[in-house]
Every structure is written in structure tokens, then in C-alpha cells.
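So, here's a batch of structures to check.
Heads up, the next two complexes both have chain A, just with different partners, chain B and then chain C.
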Partner chain A sequence: MGGAEGGSADRRSGGLVHRSADPANRRTAEPALRVVGTAQRKVDAVAKVTGQTLFADDLFLPRMLYGKLLRSTQPHARILCIDTSKAAALEGVKAIVTGQDLPIPFGILPVSQDEHALCPERVRYIGDPVAAVAAVSEETATQAVELIEVEYEPLTSITSVQQAVATPEPRIHDYGPHGNLHKLINLEFGDVERALAESDYVREDLLFYEGSTHLPMEQHAAVADWSADGKLTLWSATQTPHYVHRALTKVLELPASRIRVIACPNGGGFGGKSDVFNHEIAVAKLAMETGRPVKITLTRDEVFYCHRGRHPTLMWVRTGVTKDGAIKGMHFRSLLDGGGYGSYGVASAYYTGALQTVTYNVERYKFQGARVFTNKAPCGPKRGHGTPQPRYALEIHLDKIAEDLGKDPAELRLKHLVSPDSITANYLRVGSVGLETCIRKVTEGAGWKEKYGKLPYGRGVGLACSSYISGAGLPIYWNAMPQSGVQLKLDRGGGVTVFCGSTEIGQGSDSILAYIVSEVLGVGVEDVHVVTGDTHLTPVDLGSYSSRVTLMTGNAALQAAERAREILARNVAAKLEVPMARLAFADGRVFDTEGPHNGMSFAAAVQLSEAAEGTVGTVGSYTPPDSPGRYRGAGVGPSPAYSYTAAIAEVAVDAASGIVVVPKIWIAHDVGQCINPVAVMGQVEGSVYMGLGEALMEEMAYRPNRNVIQKMPSMLEYKSPTTLEMCDVVTYLIEDPDPNGPFGAKEVGQGPLLPVAPAIANAVYDAVGVRIDEVPITPEKVLKALKKKEKGEEPRYGPHSFPEIPWPEPIRVPPPWEGGDGRAVPAGGAAGGEGGAETGHPAISPAPTAPSVPSPSSPERQH
Partner chain B sequence: MASRRRKPAGKAQISLVVNGEPTEVAFSPHKTLLEVLREDLGLTGTKHGCELGECGTCTVLLDGQPVLSCLALALACDGKRVETVEGMARGAVLHPLQETFADLGAAQCGYCTPGFLLVAKALLEENPSPTRDQIKQALAGNLCRCTGYLKIYEAVELAAARMQGEEAEAKEETLYGRR
Partner chain C sequence: MLRLPPFTYLQPKSVRQALRMKTDAGANGMYVAGGTDLYPNMKRRHQEPKVVISLAGIRALGRITGGTRGSELSVGAGVTLTELHTHPRVRNGYSALARAAELVSTPVLRNMGTFGGNICLDTRCNYYNQTYEWRKAIDFCMKKDGEICWVAPSSPRCWAVNSSDTAPVTVALGAEFVLVGPDEERLVPAARFFRDDGINYLTKHPHEVLTEVRLPPLDHWDATYWKLRRRGSFDFPVLGVAVWIKWDGGLVADARIVLGAVASYPKEVPEAAQLIIGSELEDDVIEAAAAAAYKPSKPMDNTDFGLAWRKEMTRNYVRGTLQELRTRRKD
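This part shows the complex of A and B:
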């Protein structure tokens, strides 16, 4: 089936989606909707409350062996030799594999194929796997791993971004612009220097956002089974079975058609299970070696070592505004600590600069971003992927600007919102924008006017806003196929089975499919059965990341269901002798709207159609619309729709101890249209929780010596909010439907995290008059800032400098209102802009800067 | 401990009452209750997040009291009553807490859910109408990364009201947000 090209708007059933003139916090869904918009149980809820859901570690196969990885004790070293003889001699050990057995590199992005399942010659962080064992029990495997002897030759380790910038040798990887710089970005949309010069007021700030980890409650686990006929099955706690499928194919050199990857329900993901992990490949290799099923379950400290969490990010921002706060120009710089591998890092780096223009109007914008390698656990995508950091920076920066201009921060924001149906300076096409309603809701709800600047010393309120993508416009690897596919099977008994490659990670993606199919076909949600995340059974969906699932699988399911309805309607209409358009599908029946008794059961309609046309099944798919940006780097940021959020935090700061307590947060999120409101509530509250953790306590910290060992690889030491720290949350669900969303729906899984930390930081300032320009906002930092305030110094805690970075020549793209067409203008003299590291089709090999012709018509394809 | 005896393969054997059923189980003597439940009794509803006593995920009820099964040696549980999530429903009828957890989305990924359900059950048995603060205190040893705990509190409160005989329903604000 086609459906690969844009045109999603025409897929919606007539009359279901329309932009409300007054999108204010709609209480109920369109009257025509029966399922969508109504709070209900998720389809997997009963299995989850009865303990029946099988997570990866719950699988026990006959003759199953247990695998274990040996992980590096060195942050940066050459492997001189690995002696496995003692381990091999241990009774019960069935196989040992090392890097020599898995020599082919892999990586989640085509441009960063820099990982090996087991390091062949070099380790790059403490915890980098070097060998794997399969044995009859977990204890034996653990014992065997300890018997493996590895001789390392330590190399200088790079422990900080500053050191990475200043230390080109030794290189952690042999690709990237040079030294330990992994990626440099320089994009300019309009003459920002001139815009700043022409502004009434210019302000400059430096901020730092510490790294944090996902901490899913479920430790990663994978089970592999190899059958003698050359077929491999892998069950895994993964958010991205399709990418795991591709990586296994590559590294194991097996035909993709003989590998089956099954994504088990994830016990929490948050981005932490969206890379391809070493153990997923190693466990498959062990199964192939032994001919027996093998399971590897990571211990909690291993989960910390795998990481792929939030990039610690240093940021510098300079903004010029008019007297009333309109942003004339913004120059933003970010420097990301990538850790030991590429992961999603190139995309993460772009994301730190991509969405600045989607929240408030920015007339001219310049973004310079750098990601460096260090010998720490690799960073990657965590909820909000690359955007909570700049949101923290910008919302604090704006708060300061509002104060400098003597404006109310809420009023200032309200005046300069991005307009619906517009294109931003960096060529992102924005659809519905519910942010104004969001701001009004939270300011009214929180009593902003009565509280801001008026609470007694030690108490304060702060506001912040944000926007987020509902799915990345482009897939991770370049291809022209849909991002999401759905198949429907209609049963003679009236049941409908939905097959989709999406992955249930707790966000409710399985349920979304059932609700939408139920809505369109008029059968009960309980009559719809969902099969997901299985590369043998389900059409590809790219995975549970980038908040793409509701919008993309929802549209694919909608298309498949509408096609099924068409088949049934055709046959029923002929039988009842009424026009197709007069038929309704509801309550498990298909009937004439002008005479509801004239109809038949849904099951009878399927039987009728099957008798007339053969087995009834349909497919649906979704491909995001093309983005107007045509410059290199334009691949990160476009989305079919953007969600919007506003949050107000109230804080109590104890000036004696520096302890910040957050009693309450008001948050309004524009989700376009709730498919299941109570599930949306859950995503908002969960995001607030995670944002609160990042704001106040979560910290992926390392001991600052050469060993770069993690300070806190345990749940006890890595502080995350318990019931005692979690705040009250008042949630407003705002529904400003977007024409690209199924029934108008936009994302909710990640966006609401973004404004939480800056709202808290702004509230701390309102409470005690100190700026904490760095998360987490710990008591130590608050106290230090209060001390400085007492001494009459700048009342602030935060970074003081941004290292000198050898930025490449900027790619210059005039904004739409300056005659731009989305393409870069040729750089003055130097033909080739940035130096052409990637072409439109990103290099599959990690080759350093292949000389290339700049290809403005093929934007860099990365999610 | 009368029933404990060495098995030929170096295994130990104990008697437990698991979810109301008298059960004999043999296992390697170093195993924790968590491991015996999951690996030897096939009760995988009990989960683990750290196996170090830090997260509460593995909570089961031992003689009615919440314990971290990853820290309890199975050998030390001989003769005791163990209740796991699999034992909460009465036949096909869900426990009121299971109903409310399902209805309010108090289980998102569901991985922490068995632990929360059992701690909440023990709480309600001791204190049938706890305040919000008492609920928070009781659940403070259990981590949940998905929900932000709020729907869990509300589910416990709703179940408590129903178990007290009230015909309570979820608040509109819980399901749809504030107007």
C-alpha cells in the first residue's frame, strides 16, 4: 500500500477534525466521538495490575542459559590481551565470546557507527563491555566473568568538556571534525549581529544543565533463541525493535528475514531503551554459539553504566529585544558532554538548538552547537531529548529580561507567541498553538498576579513555557518508506486485530491503536486486539521515541480502519440498499442513520463482506509531511505537530539550609486532542515528576579524578523523588487540535517535562532573590548564591565561561520573511558551508569528513 | 523450620503458604525469596529493580507485612504466608485496589505496580481510611518512575472509600484535569 507521501489531512474521516474557533480547554470531545476523548482503562491495565504482563526478564525458556558481560574497569585503555582460559574451565560455562567474535561496528545513527558489541581493542568508559559468558546459572556466569583476565594499557582519559576541547590527543574516536570534537553545528537564520545591534536591549547569560539518567524501574533484559534452521529470535526490553533488528542483521551478518525481534512491554523507557545495546547483540551471539536460549538481565549498576541519558550541557545565550520584549535576534551556543560513544548524540546536539523558535517569535536566530567525546558513560536521548537544557536556559534568560525591562514575565511571553500555521526562522512549520490558553490557565489557577513578587521572603512563584515535537519529521536512517504501518484483520466473529510495530513502554501506545480502531469501526474497545512490537508479525513502526507514537501510529491505524469501514460499508450498503454515506458504525452495528433498525451486527457485516470479497483485512501507514527547510541540518526539528506547555511552580526556600521544597505545580498542556484523557493526565504528571527530579536532585555525577568513575551507580545514591518529595500538581488539558494529528492529537509524553525545571529556578529567584543557573538546584548551590548576595556580589550560582570552540563557517539561511526559500545561501567565497561532514544521506561508515558537495536540497536526515 | 531438609542436589526445601495455597519448594539455599518466587515457583508477577533493597519493586507480603523479597533469604521464610500480586484477585474478581489502579492509570508501565499494590493492601488492612500523608508515608519506600505517584495516591484513596462501602467514583479532575 502506498500512502507514503504527505497528504495526511485527507485521511481523516469527514467532520472529525476541525480547528475550534475557541479552543479553550475543551471539556468534552466532539459529540460525534464515542471513544476518543473519554477516560478509560488502558487495554493492558488488567494484565499489569494482576502481574500477568511478561517483561523480558520474566521469560524462562526450556534449557535456557544465563549470560553475563564483563565490563571495563578502565575509563580509557587499550586492550592488550584477554585470557578466558580460567573462565572456560569453570564447570557450567557453555560459551565465551569477545570482541574478536563480533568485529562489525554498529550505532543507532548511520553517521555514528562507532560501537562494538564487545570492545575489540579499546575501552572508552568504565562499564564498556569486553567479553560475554553463557553458563548454566547466573551465579556461574558471574563467577566466570570474574575469572576472565584482561590486560589494559591505560590511556589519558578525558574527563570534562573543557578538557575534551583542549585535548585533541588521544582521540577517543577517529571521526568527527577533529580531536575529541564529535560534532560541530553552525547555523544562522538572518544577520543576528545586526539584529542585536539594532535591539533596544541585549542580555547575555551562561547556564549549565547537569546530566541525569532515565532510571527505568525495569533493568534491561534480553533473551535470545537460535534454532538449528538458522533463525534467531530476540525478546528484549527495547523501545526500538526495528533498529535492533537492523543492528543484529548488520553485526551478526544474518539475513534480516531470519531474525525476529520482539519488543517486550518495557518497564519504563524514557529514552533509555532506544539505543541498540551491547547485551542485545552479545546474547544473540551466545545463543548462536551454544544452540540454546540465553538470557542477559543487567544489574542495576550496569543500567547506570549503559546510561544514554541526558547530555550535560553548557549553554551561552545572547538575545536582543525591543522595549516591549519582542525578540529581534538570538544567538545560542551549546556544548554537550557526549560521553564515550555517538549514540543519538548528533541529533541531541541539533535538538539543543532546534526548537528555540517554536515557542516565541524569534526574528533572527543563530545556533552554534558542539558535542564532544569524554570517557564517561555515553549520553543519548532522555525524555525531551536535547530540549530541556535549552528550555532551562531560555526560560531563565527570558525571566531575567522581563525583570530588566520591568515587565511581568507572563505578559512578556503572551505578547510574543508563535502564530499558528506559521513557519519559523529556521523553517519549522508550526500548526496549532495552544500556548496562550496554557499560560492563561496556569496564571489564573495559580493566582499569579496575586503571588508573583508578592509572597513573603522564602516563598516564590515562577513561570516557564515550552513546546515539543510530536514525532520527528524524518526517520533515523534515510528511506522513503512510511514511519509507521498498521495492518487490520477483521474476524467473522466481529473481533478486530490490529498489528503494529509500535512498542508499549507504559505510555499507552497499545491502547491508542485500540481506541482509534474502535472509534472508526464502532466496535467496543474490548473487541479490538492489539499485537505490537514484533518484527515477524507487525509492520514497521520506528519505535517509541521522539513522542511520535500517538500521532504516527494513530494516523496509520485511522487509515487502516477507514479502509476497513469502506469495505464493510460497500457491502452493507448494497445489501440494505442505502447509500454508503448514510451508514453509521456504532455500538457493534452497521446501520442506516435514517432508520437505525435497518442494519446488522458488525460481525454480520464482516461475514457479508468476506463472502462477497474474500478475507477482510486492510493496511494503513503514515509518513510525515515534508518540511520546508532545505539546508543541511534541517532534518532535526521538523515535526507534523508541536505540543505546548506552560507551568507555574511555587517554592519554599529555607534560607538557612538552602533547601528548596516545591509544594505545588500548575501545568497546562496543549495536547491537541486527548485520545484518552486519563492517560494524558498520567503523562503530564509523570513528566512533572521527572522534571522535578532533574530540577532538584538528579545528577549523573563522576568522581573528578582520572578514573572518571560514576559517583552514584545505585538507586540509593542517585537521588530521585519519592512520594515524600513529589509535589501536588494541578493539570489543565488544553485541546487545540492540529490538522496533522489523528483526531487532532499531539504529543504529551515528553513536552510537559520541559518547563518544570526553569519554572522552579524562576520561583527560587522570586522567593529569595538568587539565580541558580544550573540544575540540579541543590541546597549547596542555593547557599553559595545567598552568601554571594549577602556579600553584595552577583547573587547567582552558575557557570562563568564557555570554552573557545573552533566553529566552522556558518550555514546561512535567510528566514522566510527575508526572502529565504529554506535553502542555504552560498558562503562568501568558501564553497561548501560547514565543510560537508554529512550529505543528505548520512554516511554509513564513521568516515571523517568525506569531501562532499553541499547539498542544500537534501537536508541532513536525522531524527 | 522443621520441614527444611537437605536435598541431594544441595537444595533446600521449605513449606510456604503462597497466595493461600500450601506449597513445598526446593531451591539452592542461597536464593532470596524473590528468586524462589520467580524462578522456582514461576510467580513472575513479583519484579525487581535493584536487588539491593533500594527500590521497593520486589515487595511481597510476608505474614501480612510488606517485605523486600530481594533481601529476604527464602530459607528464612519457612512456614510463612507469602502473598504476591498473583494472589490479590479473588478468582476473576479484581481486588478494589487493582480496579482503581487500572481505572486511574496508576499503572503505566506496570513494573512497579505489584509492589505498590501490596504495600497499599497492607496499609488499608491496618488503616482502612488513611490520609494522603499516611499514604505517602506508607509508599515512600517504593519508587515509581512513570506516574509521579499522584494517580497511585488517588487509586488508593478511591479503593479505600469503596472498601468502606462507599459508592465512590473517580473525581472528574483526576480523569480530565482541572477546568
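This part shows the complex of A and C:
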């Protein structure tokens, strides 16, 4: 095994990337990995750099019309009347549809079916679509939209979380626990109050994480075609074609078998193309109305209105520790500004409380989360989905605790890391944990011991750690089927085609399939053809979200490829008269390891097998393992594997202006096993970049006193760093393989974002001694905190209060070490808390009603 | 953002021809040079000319002459910002202007955008530089299509902000602008070219063409420009400070301090300049001047960052610019 990977030597140069691996933990007994773990070109790279890639907006079909949406100019209003007559009379206008034409609601989560393609009677934020037009040109469609007259009756707008909590009427939606509260969560794992009372030291902090948007380069676009025989095809810039497929079926009342959704390559997604969007349904309806293809490409400001970005989140945390920093109990509260619709919000709210326990041991844990509706663009999943906010809070909170206890923040963390192969207080099963190596790498690389607390005034370093899921353990809608499927077709010519429903958003998901198949079958990466994201051609994969793709499609591809290998090996072994186990697949050949000349080309092996057994094709699929959590709410947080990250930021703070510059970040990420280290490094650096923007400047700001309009829906004025603002990054790739990952691989697309903002905040404190307990860390906030420090006041900028929330009775689940079995215990007479506590089905999905899925009381599932 | 509306595009070869075309087009006509300001504005329906007269093809506007041996430097208004900041005579003798030009937007836009265009840059505002649909949702503002100034709703005037980087420098240097109209040519001092009004922000008549900027001869003076913005890569200024000093031996013989991006025009602060005249720019003098410039600096909610911080930074930037000039004098 020692040579399992040709040693763990760094095969990439440059000095900025360092890899640490423990070859003894390799999952497979293969003699050597030829493709996995090596730098490979992405399979779509040449097409992208040469401009050949067709994005959704690049599609032009014969007789195609152009669609436009009319969007609300009111933040909250009743629609009294829509007059489309003038628009309909305009030459070149072919169809106009309004909410009356699409009355069936939809939403990404089964529990939040609160959206309409076009608002039938109420608008809930500026930008909410109310009508759609198809016309012969984009200009005509734009003109027509202008001619539609909408009469609104304005309603009181809810502009903030505080107002939402305090203002039950008018309700933005008529569901949710109360008034404008969309979701309330109260989970308690052990008696936290007692734990706090028994702690040596208790600290309480309030923090705020501002909302931000994804800012993908490509605006959303969709093209719909309605064929003469009544079949609908939708090409769309989407991360989740399967969910779009389901929503179209529901809203358009068409059989799923007559709808084909094709996910075009995405020019960036970051979570912003994970929902089902109004324009995707409207464009389909317009195609059906006109019998002609129709395209809608959103303008940049419309992309801002679609949003679904980071939830602005107010957080309160109270933690009790022993003298050496062991966490006895933690009580965490979050309050999320959801905007006008549900989106993924229920899951987002759960995520703000789910992963606090997977980095450091937390003996007892209590989480109370609330999401409210406001009259702003809906929030949803943005890279890190619901976890960068609590991670910001937690890592700053711990930095303060370390200081209060007189401990080095790195040492404090190292002492209390979660153990590998353990179960957390909230019943998350953790596999491999490379966090210790991560912390050691960045502290050594950054010179932490020489710098922390020792740099001259104005310079500082800060450390933060994090963990993220490698795919959500449960699907968005309740079902017992695999989360990912792959089909493999082997061609007589030696080519292999992989079919998978996964969606390329630039992260390299197409390439992962090719690398893994190439690895197993011994053919060149260039001999593998990848067909993805097409509901007619490819088996379902749930989509590019929750960092699930490498692990889940990778495992499905691995299974399909191993099955194909088995078929070929069987036939080749018979032909060569050697045992199957002695065959190797490499360099496009199948041969006897004890006499490599004794073999045949891969193509010949396929031909041999096809002659003997018929067409050679296999399938593979992946279903995540069950989670030990059995309480209501246990559905959010479980994952087959958790990635780990540690980051150190160095900052320079100009005390005269408050301007913070980040010259360098050292970041170590435990990815389990690199499938393609260059792509992994790209994801790490991309995450640092996005985290830097959130830390320093990005702000999804509104003007509450000006009709709750978005302050800056433009790429110039929504401030996000450019490449020139990017810091130097030293990346350490840590490989602590997880038994659940393909070849041990875990996620990398989102996790490395999480520690960036808190590391910067902690570094600012080290530099000038002020705490900025809210992002973005703008010069104005730093300067205000510095002035407070001068005056002898608390040297801090951040929130001061957390509103009173009518929390429901907690769901009480004793942690594993207190005799818990993952189920809720009846609370003082009131059994079952919120109800359904014993089912273990995801809280985001209501109990299934369709007869084809198993009963929620039997959460066990097939593999 | 909407696409460009339809318009007629004319390409005169001379200023005279351009003037005729403008006369013919009347109020429906507008000049364009690099287009980096006008075209995005047209997409937002800020300006809606039916006839766009391009000055880009007029060679005479693209020349840089003089500037040697005590003569003034004449810069054609059609010189691009890239040409301006890379021109050896501008870089060497008029480094404050070169610096300001180099700090405008991005290389790509500087390759198109012109000196004249940057001087005539439309005033900007958070409530104005928005798409048509956005402006409609707040019922527009008085600068275009509406009645109210959202920056100061009780104000009778528009508070859009002058966001040019080169304009404050031209005022500080005491430049003169050549304006050519159908009937006359006139020479206007830079300080009198701008008006304290967000809507009618130039004294230039719409039919006049700004053809040339005349910069004073090199003569024992020094100047600098500092720009504050969110991102070093590109952004409009949230504060600009241009300072010009005439040295007499070790003493400041004359001075001008001009603030950009805090008013609808490049705002000269003579009360600050007065304090340094006759001094050697000692620390306390600089501090006093910075405080004097801080007082009249009244940023509004019309661009990035908060008002209080931008005002506060006036002090830092005036201090910084004066220290830079003092250092250079001592070298």
C-alpha cells in the first residue's frame, strides 16, 4: 500500500499548494491510481476557453420568440387589475400571460409551495413577476411589457426582521407558525442550562451576518419549445434540472414523461440557480401558447431580483466552557431575514444551527432558529448554505473565549476537536476528520506563533476553522430512491459514454465522471464522453447543490464502471485463460498483470464482451447512508462525509481610515482525496475569493424608507472584489480519505468559504484591538469601533439585541452519551413536541401522500 | 437594464460640421465622444437623444501640443484617458492630471473614454444611476422623469454628485476650456465651467463643443490628486482631493484645494488654501487646513459609503495630499 498513490509527494509545482495524505487509509486495494489524484484538464475546458460552449442564451431556434417579464414596482401590494390590452395590440406581440394563466403554486421545498410563476393577486417584493410577454424581438417584448397597466393596492411593507417579528399583520404569506414568522425551530440536545451553570466560564455574544448575492457572470436564461405532438423541452441555466422538471409537471399539469429539461452549462451558479424560477415556467407557458420556441434571458437587475442569496442572519450565542476551553454547553439562536418567499429557507434556517457540533466537541447543544418573511427579494442557498453565518459567529465567539481564558486560539481548538468516526450531540455521524492537520498546516505556514499577538499595531493574524457537508443526506422531497444515478455505455470502438443527471456549473462535475470512469476502466479521459443534465437522456441526479456531486455522482459512476469492468474482465479472462483477479485495465488495454503482453485493447475487450453477452451497458447509483438522528429536524445536517478547513488571514488595518486590506490567506482544506488537485485548488481559491467579498464589502442592501427597493442592483454598484482586490492564497490540500467518498473524496466547493470571514474579523482584532461582530467589515465600522475604543467604550461594532421570539416547546433529544437513541423524548407531558418527532423524515418535506413511496414511519431505505 | 433605444448616429469630420448637425437636430441631438458615459446612461433612459453626433472622428480634437519651455499645454478634448495618462509631457509636468486620468474606471474604458468626456461626465446619484424600472419603482427623481430629490426630499434642487476625477484637477491647476459654438468660441476658466446644480451641472451650452483644455505652463508649481473609492481596481470616487501649490523658495506662494465627489461641482475650498499660503506646510498648518477643508465638505447619500465617513476622510486626504507635496518640495 505504501506506493498506493506513487507516494504522497506533491506532484504540482508552484510551492503554493501542499498536499498531505495518509496512504495507509486508501480505500481501494488497486495497485496505483493513474488518473484520480493527478492534475487533469477539465473535459469542458477547451470549449469554454474557445467560446464553443453553448450557454442557454446562446441558443437560437427557428421561429424563436423573445419573452420578457413585467415585474412589480411595489414591495407589497394587492393586484387589483392588470390591463394587457394595449400590449396585446402592439405589432409583433404573440402572447401575454398573467397569474390567472398559471394558478398552481410551486416552490423548491415541499413545505414551501408559496410561489407562482406570475403573481395572481399579490406581489411581495419589488421585482416579483406579474406578467409575461412573447414577441418577435426583445425590443418589442420590452415595449409591450411597458404597455401593461397594473393597478396595485399597496399594503404595509415589512422591511426588517425586527419589524417582521413585531408585526403579525399584514401577513406576507398565510402559512407558518404565526404572523410573519415563516419557521421556528427549537432543538435541545441535553440540558444546556445546567451545562452552562456547571461551566467554569460562560460567554455570550451577538453577531450579524449581512446578506449577499451570488453574482454569477452568466445571467439566468431559458428557452422553451413546444412540439407539435405536445411535448415540452426546456433548456435552462439551472443547477437542478430534476426539480425544474417536477415543478413544470406540477404547474403546467403535463405528464412528466412529456417534459424534457436540459440543463445548459452554467456560467456560474453558486446556489443562485438552484431554485425553480418564474421565468422558467413562464417561458414554457409562452411556448405552449404560441406554438413557437421562446427565450427569456434575464437582465442583470432581474438576476438581483431573483436573488435567493445569503440570508441576513442575526445570531446570539452563549457558551459554557471549562478552564481549558472544553465546551460543556452551547445555546445558539439565529434569526434569518427570508425575504418574500420560502425558497430553501426552512433548510437554510436549520443549517444555521446544524454544523456547530462537527468541528469541536460540544457536550450539550441547544439551537433555536427563526426565519421570517419580509418584502425583499427571497433569500435561499448561497455557497455554504446557511453555515457561513453561524460559522462567523462561532469562530469569533471562540476567539473571544480563548482570549478570556488566556489561551492561544489555535491551541484551544486543537484540544477539543471532534473525533473521527463519532456521533455528535445532534446525531451527525462524522467520518474522517482532517482538521488537526489543517490547523497545524496553516499555523506552521503562516508563522502563527511568531505573529499572533506580536505584529506591530495595524497588522494582525486571525484563525478560523469550519466544516461542511459532502452532500445533504436527504433529498429535498421525500423518496426512497437513489440521489444519483449513472448509466454507462461501452462502444465497440473503445469509447465510453457516461450518462448522469448532474449539472456542470463550472465546478467540474462533468470532469469528475470522466476521471472516475477512466480510472476504473483504464481508458484515457479523452475516450470518455459525458452526457449530463438532460431528463430525457440521463438518470436522475438531484442537482449541483449541497456539495453533493463529487461524492454522490462519483460513487454512482464508480459502481457503474466497476460493473462494466466486471463484464469485460469476465470475458477477457475466459479468452486469455487467466483468473479475472489477475487482469489489469490501463493505457487502453486489458492485460494479465503477470504477463502484460498477454492482453488486448480495451476496444477488443468490449467487442469480445458484446459478442458474448450483447450490448455492454451498466448502471450505478448512490444513496447516502441513514443518519442516526430520528427527531423532527434531523433531516438537515446529516451527510455521508464532512470536509474540514482551517484558515489564517493576515490583515493590515489603517487606523486613520478603518480600511482593512488582506494581503494573504493561508488555507488548509481536508478534501478526503483529490480527484483532480488542480480543480480542488480552484475551488479553494474561489471560495476564498467569495469569502473575501462577504467579509469586506458585499451587501445586499435595501432602502426601507424608499419602498424597500434594492439599493444597488448593478454589477458596478453592488461592491464585490475583482481579481485586483484578491489576496494571495497559500493552499494546503489535506487528504484524510473518508470511507463514504469515491476513492475517499469529500467536498471542496463550499467549505473553504466558511472560515474566511471570521479569520479576517479575528485578524482585525489582533491588528487594532476592535471586534467587528458583523460583516461586511467596512472601514466605517472599523473606524467607529476604533473611536469607541479611544473613548474607553466597548471596542466593538455589532448588533446589540436579539428580538423576543415566541419559540415553540423544544424538541428534546438526549445526546448519545446521555443514553439518547436519536429520538426525541416527550416533553413534560406534551408528547412529541412539534409532532412527527419519531419519523426521522426531513422537516423540509411533509409526510408523503403518494402511494409509491414508503411510509414515513419506516425511514430505513434500500441501498 | 434595457438595451439601447434606436437613434441616428452621425459622424462629422470637423467641429464645424458637428455644430451644424447639432443645430439641425436641436434638443434631440447630443454629442458623444468615447460613449462610456452616454451609452450606459441611454440604456437607463437618462438621456434619450434621437440623434447622436460622434466627435470621435474629428482628428483636431485628439492632439496634445505645447507644454515645453514655459508654454501652456494644450490637450484636445478627444484625447483618450489612456493617451492622457501615458503621454510623456503630461506624466512629467502634469503628473496630478496623469494620476487622475489613470484612476478613472478600467483600462478598457480609459481606452474609449476621453478627457473631454470625463470633464463633462454626467453627475451621478444612487437614485439616478439605476435602471428605468428601478427608478419607476420609486417614482423617479427630479433629475429625470420625476419631481423629488430622494437624497434630500425637502430640497428644491438636485444633489447629484460630480464624479469626475480629472475635473477637480483642472480646477486646481487653473486650466481653461475652449468652447466652440455655432457663432463664437470662448475661453472659460475651469472653475467657472461647473455649476452647483445636479441637473444643470455645466455652464456649457448644449450646442457647444468642448474642444480643448489649456493647462498653465510649468512654473514652480506642484500638484497632486488623491482618490478615495471602494475598490482599487475600478470605481467612481467617493472623495477626490486635488491640490495645487505655487512655491516661492520654501514658502507656499499660492494654493488651491479642490474637493471632488462631495458636491455637484468640483468644490474649491479657499478657506483651507488661505491657511497654507505663506507657510512651509508645517504640521500644524496642514492640520488646520485639513480641518478647514473638512467643514465645508458635505457629502450626500448619492454615492458609495456613508456620509459621515466620507466627510471624515476629507480631513485625512487633505492632510495626505499636503504632506505629499511638502515631501516632494524637500526632496
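FYI, the second predicted complex is superposed on the first by the 801 of 863 C-alpha atoms of A that agree within 3 Å, B and C clash if a C-alpha of one lies under 4 Å from a C-alpha of the other, contacts with A are read in each partner's own complex, and residues count from 1 in each chain.
Quick note on the criterion: a residue touches a chain if its C-beta (ideal position, glycine included) is under 8 Å from a C-beta of that chain, and two chains touch if they have at least 3 such contacts.
The structure presented is a predicted model; accordingly, all values stated were derived computationally and were not measured.
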{"item": "Touched partner set for A:S801, first chain B, second chain C, both or neither", "value": "neither"}
{"item": "Contacts of A:T722 with chain B and chain C, given as first, second, both or neither", "value": "both"}
{"item": "Chain B versus chain C as contact partner of A:S714, first or second or both or neither", "value": "both"}
{"item": "Partner chain(s) touched by A:T50 [first = chain B, second = chain C, both, neither]", "value": "first"}
{"item": "In the superposition, chain B vs chain C on chain A residues touched", "value": "B"}
{"item": "Touching partner for A:T731 - first (chain B), second (chain C), both, neither", "value": "first"}
{"item": "Touching partner for A:T615 - first (chain B), second (chain C), both, neither", "value": "neither"}
{"item": "Which superposed partner A:P779 touches (first chain B, second chain C, both, neither)", "value": "second"}
{"item": "Touching partner for A:T299 - first (chain B), second (chain C), both, neither", "value": "both"}
{"item": "Chain B and chain C footprints on chain A, overlapping residues", "value": "299-300, 714, 716, 722-724"}
{"item": "Contact footprint of chain A on chain C as seen in their complex", "value": "1-3, 126-127, 129-131, 133-134, 136-138, 150, 230-235, 304-306, 308-309, 312-313, 316"}
{"item": "Sites on chain A touched by chain B in the complex", "value": "25, 27, 39, 41-42, 44-55, 57-58, 60, 214-219, 265-270, 299-300, 445, 505-508, 674, 677-682, 684-690, 714-716, 720, 722-724, 726, 728-733"}
{"item": "Contact set on chain B toward chain A in their complex", "value": "38-39, 42-52, 54-55, 57, 84-86, 88-89, 94, 97-98, 101-105, 107-114, 117, 135-137, 139-151, 153, 170, 174-179"}
{"item": "Residues on chain A engaged by chain C in the complex (per definition of touch)", "value": "71, 73-74, 126, 138-139, 142, 299-301, 656-658, 697, 706-707, 709-714, 716-717, 719, 721-725, 778-780, 783"}
